[in-house]
């Protein structure tokens, strides 16, 4: 099989020199679009045994084409009859997309739909990228905050530890908690999932208790939509912390719907000047009322960073993890140079 | 001269036993005791006796044959059948006492003036206790060796029957002493033999070590009684020593099993332990604090497999502490990090970094799976799914196909968790039931605390 | 009963000795870690074979033609010393594993 | 006495609400230039019992005038007969400055000249600011680096810990070490002072040994100029680490002279793409040949940040510490509303 | 009857001693032993004796007076002078043995046939050992109580003189036995008294507990010897028991102080210990592992003052461990953070954060200086300048004027450092020489390790 | 010398008793934590005052007019029992502090 890796419209790349080696050793042929890895620190010269093409040639010469984001594909017309593997979650209109794909006889796999089971975890790009985003959220907050994180007693006075509130203790939230703790902050977190409490405590942070969360065990790890009352109660409990917080990280997402607004404008108005809010849910509307996707809003000295793509700022590590996810996926769906049957759980989920 | 030798041998026996109560010197202690015994035997052979006859051949032959035999048996026997062996040996010791008492009593029957009544009473006691030790030990052996017929069997009204037996033996003894009629003697022996069987029969196989230890202290007492008869002080002291030590040991063993002695003897084997819950899947074995500590302490290489439970318990610092105290004793310690252990990518890294575990001690899946083969103990702390063999063996498992830490390839494994409940994936773990696995139940923080203080006591 | 009492009074020191031996027996064992339970039981068992001293003394004091006693005593000696020798050897094997490493 | 605090030409401010209280409770009168604290998160309304003036009025109404940086004063002519207290170290031409001050009958105290003795530590602005800079250097590096700091083993592959090299283990260097260690990096440090080794080890980092350093115990904690051979040897030892490093923090300064160049262009060329160099010594020429003060240079994908003023990015904490230093200094030199005699060690040092 | 009582008392003495070797039961053990002793005294008073006279008044009076006296002394004495008291008591025990032997020997002088020679030898031994115990204990008391004249003094050729003394005593004994001349007896007593002084004189005050323990086992031996003379088996056994236990205890104490017994006795106190270096500034006192542990363990509030040394030793985790084990015993633990402790701003914060010490446990200078007043022990770990009282008291000090942690306002302070050397500012610290301060020398990591394991043994 | 030897042989059991007592003394103390060193020393010291039994026996067997012996023995009894009583009381006080707090 002939694999083609596109140069994405962002720093990450879906293949790295080390995964390339693995592909080659499995006997696959690999072509890469020119300068695909340059922004992740992988110049073309570091890829051995791969062919380099312009985009057009690449498409012509490959039957499976991969990218980090589906938006990098451009027009799907160009990919008639090919197999496309990417993260299609950025495509807003799913129905439209499905039609388009059908029309062009494309076989498309959406890596963002990998089920969150233990065994699929090695292909789960959402997990791997969320982990990086969580880390970066704290780093970015630390960069923007006019304070230092750890408590520090010095001859020139004492500095109190920074207070961090994390809303949504999923993969990203947990990683943010861990990173903030490392830097010496006092961390509290909120999440409606029951398991989240134990998980938050397992990182040594505090959990903000709110009664009455709705839980759906069948949702496979995703949070389900919460009742109005719950959201109210949560807002209240969390708000108490928010107005004293120095850094707020929000990651609350609900699969398939707009992210809940957990920080309203009036709460932001009560926050201290200098506070930093990093909203990782911004691509699905954001958890803060004032969030604007991919922008930094300064509201009375409070900085609201709306960014769901922080992982791509960690392009080196992100590309490595992403390309491993891709490799593991390919390795799973292709046996004996053939795509395996579609009654597989994972495939069923991913296929568009 | 021989008095001095006897004194020396008494000292060696005591000191030997004393040294045996510490792992570091136990082996030396056994040798001391053996030397003491040899000296005692030698002294008994050479000591001047009032009307000594030269029956040396009757001594040399049994001694040398049994010495050789004992050596061969000990060499050949498998490590796992040691307790059985001890049981048989103990039975033989009991038999020996029975034979001796029997001969002496016969002397009395022939020359009623040879002994005072009190001596006969002593002899009869020795006969009784020795007989019980003999048949009891043999039955214990059978139970340990897993003979079907020997399994736990209780007569109805067991206690009453036992009391009746004791009573009958007492009556026969009285009759025998007053009549010197051998029939009664035989009856006593027979009743004692049967009583020995009744004594052990209702007790379950798992409690056998306790029973053997108890019977062993019985044998000690017969030895002491016989010592009185033969006026030999080393026999007396050695017997008493074993009797006392054996009794304490029995109690300690009961303690270690969390049972009372009365419970063992009377109650048979009924209750408790998380061990009974998951019978369908097979048996699990628990490990005690000190066994665990010693096992780690005397290992060359230990691999710790941390999982979500370690994070939940926030026991990472204790884990590091244990690592350090093992390393101080030249045990190589590593951490095998499974990629999905915990609840977020890199959870275990965060955890161990907090405890300041050196990066160089962390090994990844592939390397770990190489290294387990040369590992003495794999210690699984609050991990479950990531060490589940079903991921390899059972295609119907939701974990099937996930790369897994093959901990069971190490010589033995110990799993620390609070209960038998499942991990994230919600499936039971066959590892827990494997033959070389032991469970160490409890919240990881408490468990590791116990382990740590046990290690420091070593 | 009187016999026993007078025996006790006559043997005052012996009684002390017995008491102290028992105490010593208790004391020696009281702090043993549970890993040593089995080997210790085995070792103690070997010591209980001390009963063979009786057999030896019996044999040595028996008329050379009193075959009944001689044979019985010899058997007693034989089975008893299997207990002794076997016991020590077996214990030794059990304990060898503790020698692997000296304490740090 | 009437104290006037200027609005600086940077985010920090030399007085904060809490030090203001202390001044007031000592009976001093305080005036503040309008909006002086706004960039540090202290709006004028948070200062109680102070008068607010425009710059001109402020100068007129005060006899002691303070600022974070002497460059904020503007023309010294305006301050005839006043007492000025600030950090004058940024003024490049010392002789010129002295003349100017004399000419205007100004009494000027340079807070950057506080001696580094134990007892003067509470007034030592260099220490307090250097500590913050060291922290911020690592945060900035983390923000710029396309990698995450801690080792992370995940289902999508393992990430190696980042390697940090710190050159110059003074106050800033030590704080950088501590922060990098917190984030999970592997840290090595180099410094010619003998005491530095123990200090580096006391933070759990590795020390890069180089023989033959010159030590001058009388230099009061400052490093002295090193011999050519030593600098060569050091360069060699350190370079070995540099070419493998992901983050390099340089803080090497020698009192009163240009900072030594420890990273030459050819070493930078051997470094990996993506590496970040934070040069805290840039204001005195920089420790890296390619450093440009107050700029981020991108050299073949290697980012060289020349910034000696990182503390001012932590304006909230920095202002707090700075104003405490100032307060402690004032409290020390003013007894009974009079400046104390000049034979004091600390004063002798500071007076220009 | 009294035989049974004696047996019981022997048992109680042994069992009491045994219980005393475990902190949990020690108090009970002492009561057991006391009961045993009472029973023994009672039995000795009532036991039938061959030619018993009714001198009861001579018994009752001394007994009751001394019992009251003993009670009062024990009530009144301060906790800190306990070792001195033990030392005096031991001396009195020795004196008692001397008096007894002396009277018995006088009997022999008057009725040479009353005893065999061997008995006289035993009596002389008892006399000698008792005398040594007597004067030795008194000198030990003086040393412990800090009498100037009693300080370490060694004659030239001490060893030779000692040997000469022993030789002279032997010669006198021989002469005495062959001549029955009382002069020799007095000479022996005199020489023994002097020897006792020579024995203890060269040994330093710090080693006194060991010496007392040794002298105590001497007294035990005289008691046993006297027991032989009076044919009382409880005396014999009790004496032997104390002799043996005392000897082991002495060895254990030497061990705990990291010295050999030989070293203590022969070497006097010559070498080592940083204690001697800084005499000019006054005396420093070291604290032993177990005293330190006990002191912390039984405190209500402990404040730890970390300094640069804690960072150098990288002992922060151990520090946390100790905090936790103290907290587990309801001791309140806080950390007083001086603003310039360490070598960079916030050094201590970094350090303690690494050990995961909760922020709420850290207190700043002003609050700490408030809290020291209600603190039992301030533990200064590797800090120096920041706790230097000269910053307040001595205007010529380079630290003068710096705000300082006034640790000395707590009831007592313990300083952990490696030596007496100065801190960053290069000046000596008068805190170390304060009366309520003790030093605990060693690298902080090792010191805290020792302390921690000692705490766990409690 | 001979005397001693025959003494030893005559008192065989006594010798055993002494040996075992010594062993017991060792054994009882051998594992004591160092905090208990001082109280234990004090406790053992009190026991060594057992020597007063000798004084009591001596007094009881002395002629009522033999004041020399009576006085000496009484003094012996007096000083010895200060050792005993004072010893136990002091030890008791030392040990009380271990009761103050039970182990956590």
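Letters A, B, C, D, E and F name the chains as they come in the text, with residue numbers starting at 1 for each one.
In this section, a contact is a pair of C-beta atoms (placed from the backbone, for glycine too) under 8 Å apart; a residue touches a chain by one contact, two chains touch by 3 or more.
Model, not experiment: these values are computed from the prediction.
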item	value
Partner chains that subunit C and subunit D have in common	B, E
Neighbouring chains common to subunit A and subunit C, by label	B, E
Longest centre-to-centre distance from subunit C, chain (CA-based)	D
Centroid-based (C-alpha) most distant chain relative to subunit A	F
Pair with more cross-chain C-beta pairs in contact, given A-E and E-F	E-F
Copies subunit C and subunit F touch via same or different residues, half shared test	same
Rounded Å distance between subunit B and subunit F, as computed from the means of their C-alpha atoms	40
Averaged-CA centre spacing for the pair subunit C and subunit B, given as whole angstrom	19
Chain centre separation in whole Å, for subunit D relative to subunit B (CA means)	69
Whole-Å separation of chain centres (CA-atom averages), subunit A against subunit D	37
Where subunit B touches two or more other chains at once, by residue number	14, 18, 237, 339-340, 345-346, 350, 353-354, 356
Where subunit C touches two or more other chains at once, by residue number	13, 16-17, 20-21, 23-24, 27-28, 31
Shared interface positions of subunit A, touching two or more other chains	121-122, 127-128, 131, 150, 152, 154-157, 159, 182, 184, 204
All touching chain pairs, where touch follows the definition stated at the start	A-B, A-D, A-E, B-C, B-D, B-E, B-F, C-E, C-F, D-E, E-F
Sites on subunit E touched by subunit A in the complex	337-340, 345-346, 348-350, 353, 356, 359, 362, 364
Subunit C residues within the subunit E interface of the complex	9, 12-13, 15-16, 19-20, 23, 27
Subunit E to subunit C touching residues, read off their complex	3, 7, 10-11, 14-15, 18, 233, 237
Subunit C residues within the subunit F interface of the complex	13-14, 16-17, 20-21, 23-24, 27-28, 31
Complex contact set, residues of subunit A against subunit E	150-159, 161, 184, 186, 204
